[in-house]
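Each structure below appears as structure tokens.
Both complexes below contain chain A, partnered by chain B and then by chain C.
Moving on to the complex of A and B:
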């Protein structure tokens, strides 16, 4: 029965993939490019949801884990000419190793201490690139996944190629993450999150399960980092600023931090906000300084509003309301 | 219950898919991207905020002031010129994202004067306007590589290259400061490397070299470290080859630390307005040597300076007319001529062809010739030297512009005999 359910879900992902494929052929280049960005955010936010929402560990440093993935991908691609698919696999593996190390430290920390440690990582790690010339310094290294295969036709643009790669990676990683969350590991994480002592009493090795969560989350973040640097074409410290880590967390909260299915909400919002800010700024003609800071202001406002009014995210909120309604109808 | 939810989800997905397919009708293709019957749209990326922005953030205002002047006089063949400006904060990844926006969202016809060596390199390699036939006019960097037509087929240089500048500067130092201990402060990226290549070519050796990371001028500690190193090395003549904000930081800190060598400022950084904006008195510039290819901004006897100043101050009455504005307006002036030369219905192709064909003969405020041809995308190729007045204005020695020209290769540095043609009537393209 359980197996059948999994297969059903797989069908859903295949159908979504087909819809994305159709959409990608119909919309203009800008939307395709934005679609690729949304896919990147979907992957990145799902890594936070897995870690924070399910295993209950806070990370302010996922930007740094993304950077690890991105640098691993670009170095393997540029130095060893690895095929595109393999570069993403390498990004996942190396970021996961980084995550395992971080997780080992994290298992001993909780709450504000863990937040502080990961925050330090987000600030410090990307600027390491300035110290080693192989990492390209502030200017960064170009990351070229190559042109789309000629068999796809003349009109097949680079942006569409990015979109295909990113969307496919997002679908695969979402499917994997969703399944992991429904597996024994996911249940262990949730048990540990709710009550560590109770979980330990029922035979769960809590710290090992926490480290595992960090490892998997880091692997997914590494994939997101590699995808991000693919869409912007460069890996450099400036691609992974502290604000990236914060906006991912915001995206996760908007999505509903414990509901993977809400991840699109966060991703779409993060991509749409700069657009909206730009439109607002153009309409009212504000100063350059405000234009630059407006997206950040809007994200923060939205974060505060979400926490105030829909603390569990819109999807969870909707579910609760439905459940309550169903319960009332029953009576 | 669960099954019903899934069905609902499918329905929603399908509805969204169908709706978006129905809504997105493929737009009718215009004659050329960014060109309509009433408008020609151009896009620019540069730092409008952030550490590197002071001084440069006046360029869009300067370009728009001239474009508005053209538009008020009938535009280019009846089309008005508009400029879309995006802030890249001097960060290559942002420059890439913003250039993508300019091309995909704003649908500009061409990129105009995008600023910064590292940024332009990133854009060229990632966005690749060259392969897509999108003209990149008059890049605002002196990196010699951008004149390489094979590598950057749609890019046109404007500023003399940093190699040229370094070669000419080396000549000036040999003539005026032979035997003195030399110091160099330069930006540790392609911008600085280009200058190093020029100095090496000219056989100029430094007693002390200090490299700074782009952006480090904004922190509190770095500038003092630069000055300490230069001081410790005993430098008597110091070349500052950095952006305006770094030059301001170096000069300001040196003045506080009572380090007063003979400064020689690269054309990129020696700008009084920026130095004042950084909270450093313009007086620190006094007696420093500087280089420029445009006439001095105080030289109101010059017909271009007079007209540009008039147009700019009318549009921006509270601003100062300085060298960034001068160069920005001159760039806009060249752009208007290029678009005019591209024919009654300009296309990206005809625009590039027009600059290659007749760009050499475009009127220009500079005291140095343009070098465009079907085989060369090199813009200006020379400089004159002068000293800064107590108010921070660069003035030619003895009131006479002595212009030197050279190339980015092995060519010698020669005194130029170029005579600037007269300005076209009202400063509008013929």
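Moving on to the complex of A and C:
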């Protein structure tokens, strides 16, 4: 894979885009909607992977950054009637500014201090919506990206339109993130993560590099937030609870926190778990209490099992095993 | 003037409970270098133990020790079964720095889910041993009740006990030694593994007290999703970080600072700043002193 040139990689994304397009035409409405949710999670989880896996900073507050993106998208859309694409660009930019501010604070902190600050942010920020009337309070603001263009035909549903937008955004941001991670910046981040002193000695400005990581990650999270509120059609504080930030971390850990290529694993799992839980509950016929709590229990259990048994993610695990096997064959 | 007095009294009582929670987090941090996000979940579970005891014996003074013992046992179990495995399995690779944080978050979800499964999501009630109706001066009612006085006394007694344990006993010496340097402590014959489990159970017990008093000082009702416990999760944690994570006295100061500032903000600025105020306080303090009020500079690299 590493030998492929950038242009060929771009081809790979175009091919996956085409496959997604074909898939989107063949499955029913529910699946299309789930596809859009998966695309949203892919974007959100890749922002965590960039930050935590590569730059080594923990954020429990990405739900709040997503909220910043969502609110800036909805406000620009509703007040200035910006076109859809521009709306998402604004979401990215404003969330990135928020991320740069947070990153400036974060570069001074490490480990538990950073986790604590971002956790407080995740709880505090969404509640600000009740403070200013422009943010629509607890009930939120409607977010409408408009109907699909009529040229796409009669049978083209709203959900399919969501899926197209989300999938396209996911492909573009994945391509960008993958390239950033392979660039000088990505190398700087990894160097800073493994040994700050050594990185500084080799001429990397560690704190600037950390702030940059936070800024880019926040921008990507802002995009995810805008996409998420597009699929649910409303922006409100309750769309960005603390559990959202936690699920994103779960998704990142399931994907393998330092392997961007595993991001689909985490995203699909997060979307599939409620459905699996539902199927299990009806099959065995458990009590009503257990049925409502089963998805949460499954996510937590999966998270714990992953951290204990596949700590660096399935992709990394596979790579290590391959490397070991290759080493054995050489001898 | 009267309002000022009330604000201070409310702040101190809330701060005392936060201090207990912060103490629990500091105890775990010192013994295993792990920030336990599941601490509030464990406190919630202990409060449910207390609630069960209350149902059977109808006495707060039986329920409180039951909750403490239950909390300590759960914490010890988690340390023995879970944390040791975690340290063994995921201390290499890019995950190493975040594994404990993620694992304890998973634990928080698991504990909350199990509680909701066993006890349901509805509110259950816990009644304090004394009334929560404020003392009155003349025709005015203070925001300070016998219950709040009891809370303060309990917290002070517990903190004194912990301080004596840490400063005057052999166990306290080994607790401090293992926190300072596990390797050297092990070489000098301290049973570091046992000491770690002990640190966790002490934390479990003080978290249990925080949970019980947080509930009775609120409206007495609690549930896995109740706002009191989100507050406990955040505040204990912020208080511990403000205090610098390393010392018990730091935890107490952090708790009181947080309680007082939040109380003043709510009273004099706006009550809708409930959740954002702690965050702002934390940011301001960390900007001035990134290692917390009483913290060692090197400690923040932990």
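Basically, the second predicted complex is superposed on the first by the 321 of 331 C-alpha atoms of A that agree within 3 Å, B and C clash if a C-alpha of one lies under 4 Å from a C-alpha of the other, contacts with A are read in each partner's own complex, and residues count from 1 in each chain.
The rule is short, and it goes like this: contacts are C-beta pairs under 8 Å (C-beta built on N, C-alpha and C of every residue); 3 or more make two chains touch, one makes a residue touch a chain.
The structure presented is a predicted model; accordingly, all values stated were derived computationally and were not measured.
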item	value
Room on chain A for both chain B and chain C (clash or fit)	fit
Which superposed partner A:250 touches (first chain B, second chain C, both, neither)	second
Contacts of A:23 with chain B and chain C, given as first, second, both or neither	first
Touched partner set for A:151, first chain B, second chain C, both or neither	neither
Chain C versus chain B, contacts on chain A by residue	C
Chain B versus chain C as contact partner of A:326, first or second or both or neither	first
Partner chain in contact with A:130 - chain B first, chain C second, else both or neither	both
Chain B versus chain C as contact partner of A:33, first or second or both or neither	first
First, second, both or neither for A:289, with chain B first and chain C second	both
Partner chain in contact with A:236 - chain B first, chain C second, else both or neither	first
Touched partner set for A:109, first chain B, second chain C, both or neither	second
Least Cα gap, in Å, left between chain B and chain C after the two complexes are fitted on chain A	5
Touching both chain C and chain B, counted on chain A across the two superposed complexes	130, 289, 292
Chain A residues within the chain B interface of the complex	8, 12, 15-16, 19, 22-23, 26-30, 33, 130, 137-140, 142, 144, 158-159, 232-234, 236, 238-239, 288-289, 291-292, 326
Chain C - residues contacting chain A, complex	29, 35, 37, 82, 85-86, 89-90, 92-95, 97-99, 101-103, 105-110, 112-114, 116-117, 120-121, 230, 234, 237-238, 240-241, 245, 270, 272-280, 282-283, 286-287, 290, 292, 300-302
Contact footprint of chain A on chain B as seen in their complex	1, 6, 9-10, 13-14, 17, 20-21, 24, 27, 48-49, 57, 87, 89, 91-94, 96-97, 100, 104-105, 118, 121-122, 125-128, 188-190, 213-215
Residues of chain A that touch chain C when the two form their complex	52-53, 56, 58, 60, 105, 108-113, 115-117, 119-121, 123-125, 127-128, 130-131, 193, 242, 246, 249-250, 253, 257-258, 289-290, 292-293, 296-297, 299-301, 303-304, 307-309, 311-313, 316
